[in-house]
Amino acid sequence: MTAATAVGLAVAWPLFAVVLIIAFQRWPNLRETGTLLTGGSLFAIVAGVILPEVQAGGRPRFDVWEVLPGLDLAFEVEPLGMLFGLVASGLWIVTTFYSIGYMRGHHEKNQTRFYICFAIAISGALGVAFAANVFTLFVFYELITLSTYPLVTHAGTEKARNAGRMYLGILMGTSIAFLLFALVWTWLATGTTDFRPGGILAGKVEGPQLMILLALYAFGTGKAALMPFHRWLPAAMVAPTPVSALLHAVAVVKAGVFTILKVVVYVFGIDLLAATDASRWLTWVAAFTIIAASCVALGKDNLKARLAYSTISQLSYIVLGAALATTAGVIGGGMHIVMHAVGKITLFFCAGAIMVGAHKTEVSELDGLGRRMPFTFGAFLLGSLSVIGLPPMGGSWSKWFLMLGAAEAGQWVMMVVLMASSLLSIGYLMPVVVRGFFRSAPVDDGHGDHAGSGIHEAPLLCVLPPVATALGGIVLFFYAEDIWQLLMGMVP
Amino acid sequence: MISHHIPRVLSKLLIPLIMLFALYVQFHGDYGPGGGFQAGVIFGAGIILYALLFGLDQAKEVFRPRALEFFMAAGVLLYGGVGIAAIFAGGNFLAYSALAHDPTHGQHLGILLVELGVGTTVAAVMATIFFQFAGRGRTDD
Amino acid sequence: MIEWGLYNYWVVIFLMMTGLYVVIARGNLIKKIIGLNIFQVSVIMFYVSMGKVKGGTAPIEAAGFEVYSNPLPHVLMLTAIVVGVATTALALALVVRIKEAYGTIEEDEIRQIESNEDAS
Amino acid sequence: MIEGIWTLIGDDLPALQIAVPLLAATLCILVRRPMAAWSVAMVVAWSSFANAGVLLHRVLTTGTISYAEGGWPVPWGIELRIDLLNALVLLVVTGICAIVLLAAPRSIKAEIPRDKQYLFYATYLLCMTGLAGMTITGDAFNIFVFLEISSLSSYALISQGSTRRALTSAIQYLVMGTIGGTFILLGIGMLYMVTGTLNIVDLADQLALVGPNRTVLVAAACIAVGVGIKLAVFPLHIWLPNAYTYAPAIVTAFIAATSTKVAYYVLIRFAYSIFRINLTFDGTQPSAILMMLGIAAMFLGSLVAIFQDDIKRMLAYSSVAQIGYMVLGLSFANEYGLTGGLVHVFNHAVMKCGLFLVLACVLLRMRSTRLSAFEGLGRRMPLTFAAFVLGGLSLVGVPLTVGFVSKWYLVLGALEAGLWPVAVLILMSSILALVYIWRVVEVGYFKAPPEGADEITEAPVSMLLPTWILIGSTLVFGVWTSLSAGVASAAARMLIGGGS
């Protein structure tokens, strides 16, 4: 199998899982085995066939079809996409394991539909990752939106429906109104929408128009949750936890920031942005989002909502990295996609495990739970460290590069923002751990049995994945060099 | 109108003449003023006059609605058939010249048939429209 | 002979406006259809008068005549008249059925009945 | 034998395109039995479709076809003239006719009494005759004649609706349509007065010699108003929602996808081939007016659609909005915009016809198309409802559906014309489309059917098949665009180039 065909195959591979899931929908064990097998083989394809080629400097390309003149559906893997592809396919396996434990532990309905939509969303994420041009990226971007809509509204309740409405409204609305507009504009200005090293816009779009175009891309990518288009993310928290993990760590939000990063590097070109200062305003928007979302997170008692706002804040790190338009900034942004994915998925897995094991959703209810669920809370601690950016977690590296990028761009304010945000994230993540481990369980209020006595660790399949991803965060700390090597390939 | 003798008698005389005149207009139409439309309307008027004087039911006995419907369709078929025949004779659609060996002869034949088709349809349509309106709210068929 | 100028256009415009006015202002469906007919007739007048050539005679070839009126507009109007008849017939048929279904052919009454229907 | 027939009729396909449906209509009256009439209609409609395909192929390979009816030489005789523009429209019209007919027997069984069904098929074919004739004729007066044939038969078809509202809708349409037709007639008369010819190509040549004068201007205004009524351009659209809502479901699917499309074709033909809108008249005033109307239609249509309780009516208002897109594309007067308008003719016909067929399925099973009838439909009629969702997404303009292709060209056209606010408006109105479609989707998937509701089965195959043919086409032509967008952009190039 050549790397080029592997690229096409990788995008289509999760759809193969859909066939398996439909075929085995009556036998849950077979169904989930099918999903896992495709997940495993997908990761093997991405990591085993495509990765070496890209590391060797190759750019495997797979052309599908020319939809309109100059508007191709095509895939081409470059380092940034490679990284995102690895994250998406790798974490799919972990999430599937976790889903099995969670969905069964929670006795959720419509599990078949859940797995189908999940697989389609992964296909969409890989399509976004490997897209060779903005058009292809846009197509798969919309595919992710549509396929995750049934996941968000999984519960089918009034609340879920409202959340779904906001989810679809914001994501579809921004993408149609802004992203599509930007796409047409780009095509009209340059005659192509291809991602090319060094960008395609230099000399074609100038002055304030460049700024407007960047704004269209940045706000058109609603999945990046830049304020003021961030509301869908907390709303989508009504979804089952594996979905939150998928949304917040793997497919949806990462597809958003990935889009911005990729557009900045391969459509605008960081040299062009650095020379024209067209992205200066975006650093401010990102900085505002970082700080504001962190502050909101501090005030949230619901654990998932808190994590959601934390995600909004963390996503803007990546947008900030892109907007700084320096090599270190872009690399930091790319690295943060991986690091945050691993860290945040751990946190969500833990939140889900707490929900399954202890049926608690609020931070204030977590007192003393750490002793009964030590693995879950241990993983939570490691995940938190990664998100905060402390060694020995991978998150520290990406933050390091982002700081470096800010320094390179001479934007001292941004360094301050990054540091302040780290402090804030300590403020909203640590209390969870502290409450879990150091506070004692609430005193029995006379209901007979000892409060919390029935609480123990969630099922094995709910606990193992977060532990695994938490350890993964540590591993990444030591292998950051490889990621850096890979990402250097995208800067000319 | 059953009781009005004078119109009845007069119309008995007139209706054949009207219809004859219609036929004159019809067949005169290919090389003089006249033609299928006029002829059809005149013929239809004859039918309507008959229905006015002798009652709808009796008129329907003479000119059955089913038959009128048939003629309505048959006239158009005749018209179109001539056109198609011209195609099969090697000409364009409705190119009468191709219908016979001599183009002038062909033109004559073509117009004659086409006008006959028009006349048939128009007469049938006129009568049908009248029957439909007049029959409304009575027996309701 | 008195020169009348382009008076035929005034006739056409008068008929046209009359027809349009009746269609818009009258609520009775039959009257509306009459208005529609007047409207159509105005255009027929327009065509027919357009084909007239001053001093021309009927376009039938005959000895002693040099100038003929243009026959084409008349031929066109033959078709237009047929269309008009067909439209009128269809419209009347619809009115008859409306009368049967609603019991009235006054537009405002029909609208009243329909809005009651919607409310219930 | 077949070879021999082909040599005889091979060159006469344009004439057969009109003659055969007309004769078949009479044949339907003669055979009287519903299924026999249906068979006649089916054979004719599908062969017309094939015929249109052959004609398009010929136009693409050998260029414009000119056919002299009765052998009279052009411009004295009546010409049938097929170029890229109307070959595409013809393909759409005949294709829709043929596909909708598949669903007809089951659908009208519930709405039209058995002894009237043969008349339904006859009228249907007559309507098709008129539409095809309007599309391929090269003679301005014949446009009026065929327009009236199609209009009269569509009034008759609409009045067959099962409620008495159908009658008032039909007469409302009749009054407006007749006024529109008469205006067109008047305009053509003025053109004839100025140029002394009725042949479209000749007319264009003569007008170019005459140059703009007041008569031509008035003629253009009359024709614009007349065609505008048939096309249902805002604010001349008021007949449309009622007509679409109360007509039999199958008639709605048919008319919505064909009659406004052909009217749009006539508008383009007059604007670009005859008047050369952007060249002859001073300034851009006509197109500026059209642009404003297009934008108003786009927004008001979509906004009103959001608040409709009857889904058939909702889609009717959505049609008003979509017509706004087409008019907008025309008004940009550049190649991309015109391509967008033309390709939207194709695309909108396919998706809206599919959606109305979905409603026909729903009506058949639920006896209503109100929003309440859609409760829980996602489970009760999964295939039908999935078709609705896909068609709806196409209406929104999601990539890889046909809606995206149209929107792509329209936005390009707007930007090319330097009208970026209009481009923004086009995209905004797609979001409105998302709102009104998603209302239904939510009800279909999340509302449980009312307690004690009848057991509902999936729609019959004979109706699902055409529905899915069309909905499938929205996906196929969203990816494979060389037929729709390819021909449309070639036609637009031809029109902008000033050819005819």
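When the chains are written out, they are named A, B, C and D in that same order, and each has its own residue count from 1.
Note that contacts are C-beta pairs under 8 Å (C-beta built on N, C-alpha and C of every residue); 3 or more make two chains touch, one makes a residue touch a chain.
All values derive from a computational prediction rather than experimental measurement.
*Asks:* Chains in contact with chain C and with chain D: which ones?
*Replies:* Per touch definition, common to chain C and chain D: B.
*Asks:* I want to compare two interfaces, B-D and B-C. Which one has more contacting C-beta pairs?
*Replies:* Counting C-beta pairs in contact for B-D and B-C gives the edge to B-D.
*Asks:* Distance-wise, how many Å sit between the C-alpha centres of chain A and chain B, to the nearest whole number?
*Replies:* Taking the average C-alpha coordinate of chain A and of chain B, the gap between them is 79 Å.
*Asks:* Just the number, please: Cα centre separation of chain B and chain D in whole Å.
*Replies:* 35
*Asks:* How big is the gap, in whole Å, between where the Cα atoms of chain B centre and where those of chain C centre?
*Replies:* One centre to the other, that is 25 Å.
*Asks:* Counting only Cα atoms for the centres, state how far chain A is from chain C in Å.
*Replies:* Chain centroid spacing, chain A to chain C, equals 69 Å.
*Asks:* Where does chain A touch two or more other chains at once, residue-wise?
*Replies:* Residues of chain A touching two or more partner chains: there are none.
*Asks:* Once you've mapped the touching chain pairs, tell me: line, ring, star, complete or other?
*Replies:* other
*Asks:* Between which chains is there touch?
*Replies:* Per the contact definition above, the touching pairs are A-D, B-C, B-D, C-D.
*Asks:* Taking the touch rule as given, give the residues of chain D at its contact with chain B in the complex, in rising order.
*Replies:* 8-9, 11-12, 15-16, 19, 22-23, 25-27, 29-30, 67-71
*Asks:* Which residues of chain C touch chain B once you look at their complex with the stated criterion?
*Replies:* 60, 78, 82, 89, 92-93, 96, 100
*Asks:* Across the complex, what residues on chain D touch chain C?
*Replies:* 141, 144-145, 148, 152, 155-156, 159, 164-165, 167-168, 170-171, 174-175, 178-179, 181-182, 185-186, 189, 192-193
*Asks:* Provide the residue numbers of chain D that touch chain A in the complex, in ascending order.
*Replies:* Per the stated touch rule, the residues are 393, 396-400, 405, 407-408, 411-412, 415-416, 423-424, 427-428, 430-431, 434-435, 438, 442, 446, 478-481, 485.
*Asks:* Within the complex, which stretch of chain B touches chain C?
*Replies:* 33, 37, 129, 132-133, 136-137
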